[in-house]
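Lettered A, B and C in written order, each chain numbered from 1.
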Amino acid sequence: MQISVKELSKLLQGEVIGDENALLHTVAKIEEGQPGALSFLANPKYEPHIYTTQSTAVLVNRSFIPESAITTTLIKVDDAYQAFTFLLEQFANVGKGTAGVDKSAVVEVNAKVHSSTFVGALTYIGQEAEIGEKCQIHPQVYIGAGVKIGNNVTLYPGVKIYHLCTIGDNCIVHAGAVIGSDGFGFAPLPDRSYKKIPQTGNVIVEADVEIGANCTIDRATMGSTVIKKGAKLDNLVQVAHNVEIGEHTVIASQSGIAGSTKIGKYCVIGGQVGFAGHITIADGSQFGAQSGIGGNITQTNGKWFGSPAIELRQALKAGVVYRKLPELEKRVQELEKLLKEIK
Amino acid sequence: MQISVKELSKLLQGEVIGDENALLHTVAKIEEGQPGALSFLANPKYEPHIYTTQSTAVLVNRSFIPESAITTTLIKVDDAYQAFTFLLEQFANVGKGTAGVDKSAVVEVNAKVHSSTFVGALTYIGQEAEIGEKCQIHPQVYIGAGVKIGNNVTLYPGVKIYHLCTIGDNCIVHAGAVIGSDGFGFAPLPDRSYKKIPQTGNVIVEADVEIGANCTIDRATMGSTVIKKGAKLDNLVQVAHNVEIGEHTVIASQSGIAGSTKIGKYCVIGGQVGFAGHITIADGSQFGAQSGIGGNITQTNGKWFGSPAIELRQALKAGVVYRKLPELEKRVQELEKLLKEIK
Amino acid sequence: MQISVKELSKLLQGEVIGDENALLHTVAKIEEGQPGALSFLANPKYEPHIYTTQSTAVLVNRSFIPESAITTTLIKVDDAYQAFTFLLEQFANVGKGTAGVDKSAVVEVNAKVHSSTFVGALTYIGQEAEIGEKCQIHPQVYIGAGVKIGNNVTLYPGVKIYHLCTIGDNCIVHAGAVIGSDGFGFAPLPDRSYKKIPQTGNVIVEADVEIGANCTIDRATMGSTVIKKGAKLDNLVQVAHNVEIGEHTVIASQSGIAGSTKIGKYCVIGGQVGFAGHITIADGSQFGAQSGIGGNITQTNGKWFGSPAIELRQALKAGVVYRKLPELEKRVQELEKLLKEIK
């Protein structure tokens, strides 16, 4: 992954001003430049950075004329932003496989994989599973029996999808995520031990969803756990059985949602937030990091914070007084003393 | 995984009243019915739902006579509940393998696998490992050297068990869980760097334990980390080195237990709870979600909440005042002002 | 993994006093002795335990003379501590592979693996990846295209390293950890859905770093997420895109660091701690478990606790008053009542 300024310029039909033999191996924002990196300058607001950037080369528009001395190498192109975006897209193809099933993958005989899809090494595809068009199924993925996967889906290495779950078009699931594990359901017995309740539902992941690395999404006891269209889950998020995550809701890392809870659409949930089970959260709700939500939220578009979570502004004010609690207690003591004297 | 009402009825020796060509592909509670689903009615309390359910078909007892119009298709059987349970059990067999070792699995020559056990594709079984009867070892599992696994154990895809750990009879371990990784032990050196302390113990998982997806259970520095009989761990739970989890204790998702802590039996631990290291928790203790426990708990069967955790009722009361802290501060200010006037 | 006292003594050139046919299968601290275990006695402070230990055998110095009756078997050696350490090191080699690539591993043709390195079964190594000397790459590891791995690195089963990331010398990465997954970056669109921002950077893990089981470390949007020399991460830690973790900083389990945050060196971070994004934390900072840090910390070597985190001593004092809040409110009520009477 190293390219010379000369080669890159040729690729972009550009013009080099500076050292055409310099080598590039990464990209960086112009203000965070580093040796070996390529940056770009499109917005004039960032122009001052071009005189100080540490980047080895910078893509600029052909019209760009420096106002003072420049140490970085310039590559002049028709549209610097477009050229940079084009390079990023090329970059994003690193590690992508070409259509076809790797010979070390294990595909059960009655599974269906579209011919335009890539299935990487050491991946397992179970009976009656179906995988649509132009998918990237990376190495060491597990796809259980009867799983249905749409078109243009990317499953990164080590993703595990239990039997009978479905994944919609354009979804991206990151490495190590588990979809369809058993819900945490046990019935207490008279001797205080627990009996497992069969978890016979599945998980439905709708289109355009992204699921982070090592997330866990449990199958429903009956029916389906549902991640709706366009929702985005960061790494290590836990979604329990029979939960429903609304459309275009985003959930930051390490948050957890207990069983049967319904999260509305367009919600924004910070990191390490926890939701109790069997509650309903209104559309557009926002939650600060580490909040804990124990009951229904019926007001839409509210902002909440704290554990237990309260209205954000109230929480911030209470937090300010919290820090002064020892002092507040002394003030009350002082008052008690004064009143005693008065009486 | 689609079956017609007619086929299903034949399987259950039932009688169809309604559309025998309707197709079923899932199950649902009668009150959460949906097209394509099969429900059942056994408890008369739920009878009202049969007149409104969205389910395509409902299993009922032969004696059932509707009191008003019904749109769903009925399948009459001798015992609706028993028939439904039978179907769930059939369902639970989806994705289960039959006895034998898949040819793509890698089994070291001196490992022992009972002939009644299933070992899935691309699984690795290390030297001197022993696996008992009727186990389901799914694809892509890692079983390290010298690991001992009892009878009737299920290891889901991608489970990793480090060398010398033991798993008792009837245990279920979900995808991506790691058992036996090194404890987090480092000795500080004079230059403020750290030296690794060898982690030479193991993990002992006793019988009837269930461990959730992507859990991490560290091996002991010396001796054993122990998960006792019947304990149930939800997804993403962290168990540090030398911890002991008591019998029939349940731990919800994303909770963590620091090194050498002993949790008693019959405890109930909510989600995202944290326990400090080197403490002891009495039998039957219960902890609300997101609690943080920093010291020993000697009272049995207590209920605790908050971070740091205090007695539950006290915590709920303190939480109520917390929300009003800004107002409380104002009341104190007001008192101070009044007293100043009086003096 | 069972050895008789006789065999062990022979290995250590020791002298047996007691039952030389007794069998040993584990090690234990002398004060936590158990049948079948070997312990050692080096520090005279621990001598009292040798008269009561449950361990089957104890390594002692040749000079050791018991002061009362002993039931355990003694193995006398020149230096008991050194002999024990030697055994632990032997033990640590269990499950280690010998140099060479397992025939079931999939290595792309232009990847480079040093001949002294072990590559386990069912591991995948992508195009242009390079692996240095004396590494232990366990089974079922994924190493993406262009990944560079230094010397003496251990990757446990199921570790996944996305394309173009780099791992320094002597690093240890535990099972299921994911390095280089996409950062959580989305641009909101006018219709309130989200567009993915390409994540084109990588992760650089410097030398002597240990990363726990099922950790997730995201690649940078541009540039690099960096884990600096000697840092130690426990299990299930989340490191977001463009984060920097300073040298010799230790982070306990289930903590998370949001995007672009810089953590200084020599920090000590408890379990389940959360850091907001885009903040900077001074060197030597310490954080209690479950703390939440929302802003910059500029003071070095400070101790912090709580969510939001405040100075540790202040936090402990505020916590004490918190428990008494209902009582404090009553005292204020009482004052208000008294003052009303006075007026």
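Keep this in mind: contacts are C-beta pairs under 8 Å (C-beta built on N, C-alpha and C of every residue); 3 or more make two chains touch, one makes a residue touch a chain.
Everything quoted here is computed from the prediction, not taken from an experiment.
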Point to revise | Magnitude of the superposing rotation for chain A and chain C (Cα, nearest 5°) | key: 120
Exercise for review: Please decide if copies chain B and chain C contact each other with the same set of residue positions, more than half shared, or with different positions, and reply same or different.
Suggested key: different
Check your understanding: Which whole number of Å gives the spacing of the CA centres of chain B and chain C?
Key -> 24
Review point. Can you list the chain C residues in contact with two or more other chains?
Key: 122, 140, 158, 176, 214, 236, 254, 272, 290, 307, 322, 324-325, 328, 332, 335, 339, 342
Point to revise | Residue ranges of chain C in contact with chain A within the complex | key: 106, 122, 124, 126, 128, 140, 142, 144-146, 158, 160, 162-164, 176, 178, 181-182, 184, 186, 192-194, 196, 198, 200-202, 214, 216, 218, 222-224, 236, 238, 240, 254, 256, 258, 272, 274, 276, 290, 292, 294, 307-308, 310, 314, 317-318, 320-322, 324-325, 328, 331-332, 335, 338-339, 342
Study note, to complete from the structure: Touching chain B in the complex, chain C uses residues 1, 26-29, 32, 34, 37, 88-89, 91-92, 94-95, 102, 104, 120-122, 138-140, 156-158, 172, 174-176, 208, 210, 212-214, 230, 232, 234-236, 248, 250, 252-254, 266, 271-272, 289-290, 307, 319, 322-326, 328-329, 332, 335-336, 339, 342-343
